[in-house]
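Quick notes on the structure that follows.
For reference, chains read A, B, C, D and E in written order, and residue numbers begin at 1 within each chain.
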Amino acid sequence: MTLQNIAMSTGFILILIGLYGAMTHKNILRMIVGFTIAGTGTNLVLIAVGYLPGRAAPILNAAVPIETASATIVDPVPQALVLTAIVIGLGVTALMLAFAYKIHATKGTLDISKLTDLKW
Amino acid sequence: MEFDWIKIPYALLTLFIVLNYGLLMTAIIQKMGARAGRRYGIRFYQNYIDLIKNYSMRSKITHGYMFYLGPVFRLTGGIGLLLFVPTIYGSEMWSNFSFSGDLILALYFVFFGTLGMALGAGESGHPFAALGVSRGLSQVTAAELPFAIAVFTVALQYQTLNFNEIVAAQQGGFLNWTLFTNPFAVAAAMIAFLGMMMRSPFDVVVAPQEIPIGPPTEYHSAYLALMQTNRNIFPIAKIVVYMNLFFGGAGSWPEFMIKAFLLYLVSALVGVVFPRFRVEQSIRFFLIWGVPVAIIGLLWV
Amino acid sequence: MTKHMITFLLLLGIGAIFADLLTGFSADQNLNASAEFYATHTVSDTGAANIVTAIIVTFRGLDTLGEVTVLFLTAAIVALVLSGDMAGGFQVKPRRWPVGELLETGTRLLVPLIALFGAYVFINGHLTPGGGFQGGAILASAMLLMLLADPTRRFAHKTIARIESVSGLFYVFIGVLGLALAGGFLDNRILPLGDFGSLLSAGAIPLIYVLIGLKVGAEFSSIMTSLSESEDV
Amino acid sequence: MKDEQDRKVPLPDELLPRKIKGPDGFEFEVDPLQDYFCQEPPKEHPPIYVKIVEDFFNWARSESLWILGFGTGCGAIEMRPLMTPRFDAYRYGIQWRPTPRQANLLIISGYLSVKTLKRAIRAYEQMQSPKYVMGLGSCTINGGMYFDSYNTIKRLDEYLPVDMYIAGCMPRPEALLKGFEDLKKIIRAGDAEGANHYAENFELYKENQKKVILDWDMPDYSW
Amino acid sequence: MVSPIYLIVITLGAAFLLGLLSERRTELAHFITVLALAAGGLVSFGWLWIMAAEGASAVEIYTAGTKPPFAINLRVGLPEAALLLLIYLTGLMSAIHMKDMLLRKGRRAMAVLLIAIMALAGIIMTRDIFNIFVFFELVAISTGGMVLLSDDPRALSAGIKYLIIAQVISILLLVGIIFTYQATGSLNIDFMKTPELALGGGGTLAFFLLLVPLLVELKPFPANGWALDIYQSAHPAFSAILSAATGSAALFAVDKIMDIGGASWGPVLTGVGLLSFVVSNILALVQKNDRRLLGYSSVAQTGLILAVVGQRELLGESYLFIAGGLLIGHAVAKAGLFYLSDLVKGRMLTNWADLRRNPLLVFAFATFIAMLSGLPPFPGFYAKWELVHALMASGKTGLVVLILFGAILEAGYLFRWFGYLMKRPQSNTPGTLPLRGVLVTMAAALAGWLAAYIWGELSGYDNLLSQTALLFALGFLLIDWFPAKLKNTIAIAGMLAFFWQSYTGYDPIQMIFGIIILVGGAVILLASYHERGQRIGFYPSALLMFAGLAMLIVAEQSFQFFAAWEVLTLGSYFLILRGKNAEPHALSYILFSLAGAFAIIAGFALAAQGQAGFKITALADVAADLAPWVFILLAIGFMTKTAVIGLHIWLPGAHAEAETDVSPMVSGILLKAGLFGIIVLLSNMGSPELYGVKLTYVMLWIGALTALMGNLMAAFQEDAKRLLAYSSIGQMGYAIFGLALMNHLGWLMALMFVINHYIYKSMLFLSVGGVAKRTGTKLMYKMGGLITLMPLSFFVVLIGIIAVSGVPPLSGFGGRWMFYNAILDSENRLPMIIIFISGPIAFLYLFRLIHAIFLGQLKDEHRKLKEPSFWIMVPQVIYVVLLLAFAVLPGMALQKVDTFLNGMFPEGGLNWDGLLITSDYGYWSPVWIMVVTGGIFAAVFMLLLAINRKAQKVKQFNIVYSAERPYRPETTHFAWNFFAPYRKAIWFLLLPIATRFWGGITEALHATAGFMRRFYTGDAQHYVFHLLGFVVGLYLILLGVQ
């Protein structure tokens, strides 16, 4: 079991935990929390995939000179992707919160199973 | 086709002979029926008197054009059928207007009078007339089925639609008649014959008291006379068709008369013996007995 | 209960997929071609020390533009969602009890520092870990602090919106400049690459990060203010 | 109806004039008696000018008596046996027709209630001339045993032109046959012009008829 | 042209710019929004023009000055340009359409709209999968925002449901992306392609996780509850974007990433797509809410296109043409329908009746549903043709069956809806329709027509929109505001001119049909002069039908034939729908017709074997093992049109409920299309055998049974026009029987039937229709005694029924005569028995027709009626003359045909010897029959007149009534249930088995839909279940397949 696999498994488990939470709790706020956990798990998976055992962060400085960079740094791409993913996740979470707020204001409930006036 | 004017007098002569023969024969057959019932029966010339009386009635009414024309259609249908079919086999003179068309013409011309009469009866405005027409059409169309199939069988058997050729094929002894070469077809046709003659057991169409004689209930005087005239021509014309198709045709007037008489007698006999059918019963009768027999005949060929 | 069962079964399925992924996964031993390219060409092409920054701001600049747009969008929508509550202007509810002296003073002390730190983070994005997003978030945390200290405080929406829009526009404009002056949209080489490792290097990256930082800060602030202002309704 | 006001018995609903709306919304009035029934009075039909032809026709008429199958009173029971083998009226050219249009002999078989009179008149008028009426039994002659009945007519020939009475209560079928033979003689003599007589004296007959039939709800002449 | 990157720049820049504006300057903000979208549209159009017209190749746009795969690159090729244009135009129109809402919600809402469009453009252009993800997230978030631009408070819950689903999607997608990246070492689609092999093992799964979330974006069944909720509650202008633009972009994204996965994933897409297509169409059947229905329809259409994407390897070069055609059709139509839905106040489908106030909108709606149903001349039609051909050629019959099944369901609810629009009561509050909405809708409709033209040009066949006949018909759309009488004159003149111009090219059979269609149609149109006012919609529909018919008879290629077939179907549908109570009947007409058309297209495709079309005459060369199947398919198609037994249930209602002058058109003329098809089929294919059974023998049976049942049912109708309609069924049965005899006289008889049936059925429909118009009822027992008031109509009907019944001396007899001669030639005795049985039954209904209407007792309310209007009588008189002429001189029309048939059946022709016509078996002289009959009739009539001249004219109640008097006319007219004894005798033959059968199928489908749609509970968590279930299920299925 390498570090990478542990990280990745943790990420997957987080995703599953988050989804479990989001799928079993009826309160929208709890669901949002669930999705946040799952999102974190996803990010963890992303990072874990880009990880190369024993390498450094992809920032060039004295410790990591340009010349040897390709042999010493981890894959920078997933890191860049994660950053984007985090921000997007944040945006969606904020949006969901706003929706949750608005739903509570108009319907007086945060129970997702009560929002079934559109169906069939 | 060059038209021979002499055909017209010949046609009139045919008509005259057939009419007189019809008047007498129907009276005699009626008399025979009466005798079966131990009555004396009508005088053999009674039909003439009735006809004359009806032509001589003084007052008449009309319900409209179609009412007026109904009997005309009827009689035209009867005369037309007679004249479109060669009456006596092998004689140009008694072939009348059969050059206009063949078996199919005869088959369909039968309906000319029926249709016209039904229209006339309809315009009389009498619901019983309509009721009678409804029954009549129902019954006749059902009776027509075995007949049509039988006719087709005969045509198929002799591979022609020409009356003369059909009769020609049956010459040379009565065993060559269709009656013996294809008994099933003939049986089917005879079943149909009973239905088309409107005699008991198929006479609910003109049930006298229930729907005072049905379609002609409003007809009287000269109209009725025309229809009576037709009643003495049309069955004979139909018999001529039968004769030609199934019974070897008629080579001469005496042969014609005997065969016509015997054929007519068949329906009279059945009528004396059997009581009346309801319409749906007679329809079923034709479908259950007539049509299968006809089909056997058709497959027999 | 059925719900839990269904959830469980479904997640079992998803878990199976993940397990499948996991077992099929074999870690690379070397960088793949793209990463290799980034490791070797980043400095020469962008002049940035932080490869991740280089990727984010230039190579995958379009993603980042999208990212910024996501925030912009979120801010707009949050405002839109809550707009019903703010219709006809928002009222400042009377303060029920005064904020403590300590808190007020502490806030006053900390806010500039936090802001400064945020600015530092995004300006140095191309050299050190950090960048526009991180810096922007720090900037916004200053706002958050102020809000926490005084929940009834109101910010100038117009200003926030202006900062948002102007920095966004400039970002796009710089991208277009790249198209016009350099190799393509969002090419950072519209400005000289400068000395490797110095503050003013890496072409337009610092500039972009400044814009991003401002924009992110403004957007977060906008979201927070929208949320906080509708709180009491 | 000349005297609409004087009616003792009102017309039935279906004969009252009514407003009708056509399919296109157009409204108009329908007067059933006027619109449904022919209003012409009966016409006289003189014999054919050539005597011998008329004689011949009269002979044919006499030998072809078609009776309307309409039994009005108890005498009707005596007409049935005529069709049986025992009497067999057919041999004299006599037969029964179910519709008045085709019949030319109306037999009033016994007493005639007022109610039936109306029907008898209608049946008679719907027959085609020359047509003959035969009164059967005493009731048609003078009311017979019902001479003081409130609802039978007493003298048939006040209402219909009778050509022949057969007396008796009831007359036997043999009497009927004899009656037919006598009627034939009258016809052959050219004296059976009841229809023309009826047309000639139409006003008179109608007056008599309406005197007893209070609920007169038909045109004067039922064609 | 400016770089496509400016699309993003302009749109995004505009969005940012809006932030600078004051909150109040909403008008300006809207102006900027519209301007930006218009600019984007212009740029896209420029690129499209360059690509399409000038043939430029795709352009690559690099960002960051670095080549891919190291930096993100964009690409614009022909499909991209087209989709961009579509997206921008949709965005533009929606922005205009929802102006009020945007103004109300302020600049932020407009920014959201702009960003949504920008993101969609990004999805189209980018070649980077993570970039796709980013843009998808942008789309998702902006969708969340745009949902709120609705007056419907429920939009909020739809929004949160969507966001929840979007979260799950993004999690899966991210995992998929990163593992794909790990497996291939790149994020760029084009560079993933090369190391395709690396996708083995875990990589396959990675691709699975990449693909599935994108599939979910396409709202496949069952993971689509959220989308339906959005469609139902969002602002329709946004739904238009969601359906047309988002859907297209997502489809294109799937198409793009299919480059990575390779062809082996095709079946997955096809499976998922078809499942969605079929199930969603079933579900839509019971939907009453218009927007949700559109949602189902969107989902279904997307599914169909997805299925096509799955088959792209197979389709090869025509892939873009097909998928594009379907996509354009779907997008334009769906957008247009959503725009329309905003103009309707109520949310029930029946509320759409309000749109009827504006004929333009009706036209637009018709355009949209025709586009969705894949009817000509729209792109979907060409696409359908190509698609079915390609699939059939590679033996994917199952796919074709499913596609066609789904399509018929879709047509079912769409045309039902159109029926509601045309026929349901309007609401009481008229209110004006907003001009802006109308304009936007019309723009969409025009775009549809434009696309139709373009696809026609691209198709490689004759462009349907450049066919004179069709253009002439469509031209009536432009002059529809003219008075009806003027248009009628133009129409008649046009049809005659067209005939005059083209008759020289006809062979005798085509000539018969040509005369009937064009000249005959013009004669019927004479009756249309009786209409006053503008009669909007009549002429385009009628002329469309005639155009289709005219194109049909001259079609040489299978494509032309089929296109003409569809055109005439569509035209006649609109025509039939005009009838007062025609709604359900028109619906069943179009459904049966479309199903028949599908059989035809499948037949053609099977015969074509990979060719895109073939000469009709090449049907003769179809391989022996395929021939019977081709024959069966085509025969079913054609026989649907002639309404053979079992497929007939549409006809009675359709013909009976049509307008007075439409009934003769559809009965007298339109039915002949089916016969023409059968003639073409038989003359080219002869009689293939299947399992040793000659197919014409089967046809013989079908014809015979149809004749029997048609006649039998006719005898028991109370409705006069229905009676005639059933009679048509029977008559067509005869004609089919004649053709199936496959001998000289059989064919001659059938052609004679064609002429005869045209004349007498048109005549009867016109006169009965005219009478029905006067009396205000079609029920025969409510009429009666009209002969005194309408003697001419009576005479016409009399002549008509004599002709129909085949009684000499009129022309019907000729048909019977030939029939008998024909069957003497043939050995098939059993079916002949059936046809014998059916013959006499014709008398029953014919007599009933004339009796119940014209004879018997006149009803009170009809006492003041007059003869039907002059113009309705004019064609009838013409027909009477024609009928008599044809009766006396059938040789005029038939002699040439007889000679022509010698080419096909050299044996058994007729001998035309002066007045006498002889066959091998019998002879017939129409003139002499007429003369003799006439002579006897005249003589007898004279006799009667001599005796009876002084007859007293009496009135209607002067009847003997057992010495009583009749009560009222209503109770004295015996007409209802006229053939009661017949019914008693053969009731078991009259059971409506076919109606029950089809009714049962419809019921079952509706019940299924009603049950299945409960699946969409509206609970977001259930939707998540559906989604994950979809993913897991697909995974398990794939696992199982491997």
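Definition applied: a residue touches a chain if its C-beta (ideal position, glycine included) is under 8 Å from a C-beta of that chain, and two chains touch if they have at least 3 such contacts.
Since this is a predicted model, take the numbers as computed values, not measurements.
Enquirer: Go through the assembly and pull out the chains touching subunit A as well as subunit E.
Expert: C
Enquirer: State the smallest step count from subunit A to subunit D, taking one step as a move to a touching chain.
Expert: Minimum number of steps from subunit A to subunit D: 2.
Enquirer: Using C-alpha centres only, name the chain that sits farthest from subunit A.
Expert: The chain farthest from subunit A, judged by C-alpha centres, is D.
Enquirer: Could you pull out the chain whose C-alpha mean position is farthest off from that of subunit E?
Expert: D
Enquirer: Report the inter-centroid distance (CA atoms only) between subunit A and subunit B in whole Å.
Expert: Spacing between the chain centres: roughly 99 Å.
Enquirer: Report the inter-chain centroid distance for subunit D and subunit E in whole angstrom, where each centroid is the mean of the CA atoms.
Expert: 69
Enquirer: I'd like the Å distance between the centres of subunit C and subunit D, where a centre is the mean of that chain's Cα atoms.
Expert: Taking the average C-alpha coordinate of subunit C and of subunit D, the gap between them is 116 Å.
Enquirer: Averaging over Cα atoms per chain, report the distance between subunit C and subunit E in Å.
Expert: Their C-alpha centroids are separated by 54 Å.
Enquirer: Residues of subunit B touching 2+ other chains?
Expert: If we look for residues of subunit B contacting two or more partner chains, we find 59-61, 212, 217-218, 221.
Enquirer: Quick check: what residues of subunit A touch more than one other chain, meaning two or more?
Expert: Residue numbers touching two or more other chains: 15, 19, 23-24, 49, 77, 81, 84, 88, 91-92, 95, 99, 102.
Enquirer: At least two partner chains per residue is the criterion; list those residues in subunit E.
Expert: As it turns out, subunit E has residues touching two or more other chains at 130, 134, 137, 141, 144-145, 175, 179, 182, 187, 952-954, 956-958, 960, 1021, 1025, 1028.
Enquirer: For this structure, give each pair of chains that are touching.
Expert: A-C, A-E, B-D, B-E, C-E, D-E
Enquirer: With touch defined as at the start, can you tell me which subunit E residues reach subunit A in the complex?
Expert: 130, 134, 137, 140-141, 144-145, 153-154, 156-161, 163-164, 166-168, 170-171, 174-175, 177-179, 181-182, 187, 225, 228-229, 232-233, 1013-1014, 1016-1021, 1024-1025, 1028
Enquirer: Residue numbers of subunit D touching subunit B in their complex, please.
Expert: Per the stated touch rule, the residues are 43, 45, 56-57, 60-61, 63-64, 69, 84-85, 88, 90-91, 93, 97-99, 101-102, 104, 128-130, 195, 223.
Enquirer: Give the list of subunit D residues in touch with subunit E in this complex.
Expert: 14, 18, 20-24, 26, 28, 30, 32, 35-38, 40, 43, 70, 99-101, 119-120, 122-123, 126, 217-218, 222-223
Enquirer: Sort out for me which residues of subunit E touch subunit C in the complex.
Expert: 3, 5-6, 8-9, 12-13, 15-20, 61-66, 69-72, 105-106, 108-109, 111-112, 115, 118-119, 122, 126, 128, 130-131, 134-135, 137-138, 141-142, 144-145, 148, 175, 179, 182, 185-187, 201-203, 205-206, 208-209, 1021, 1025, 1028-1029, 1031-1032, 1035-1036
Enquirer: If we count contacts the way the header does, which residues on subunit E are in touch with subunit D in the complex?
Expert: Touching subunit D: residues 774-777, 860-865, 952-958, 960, 963-965, 967-969 of subunit E.
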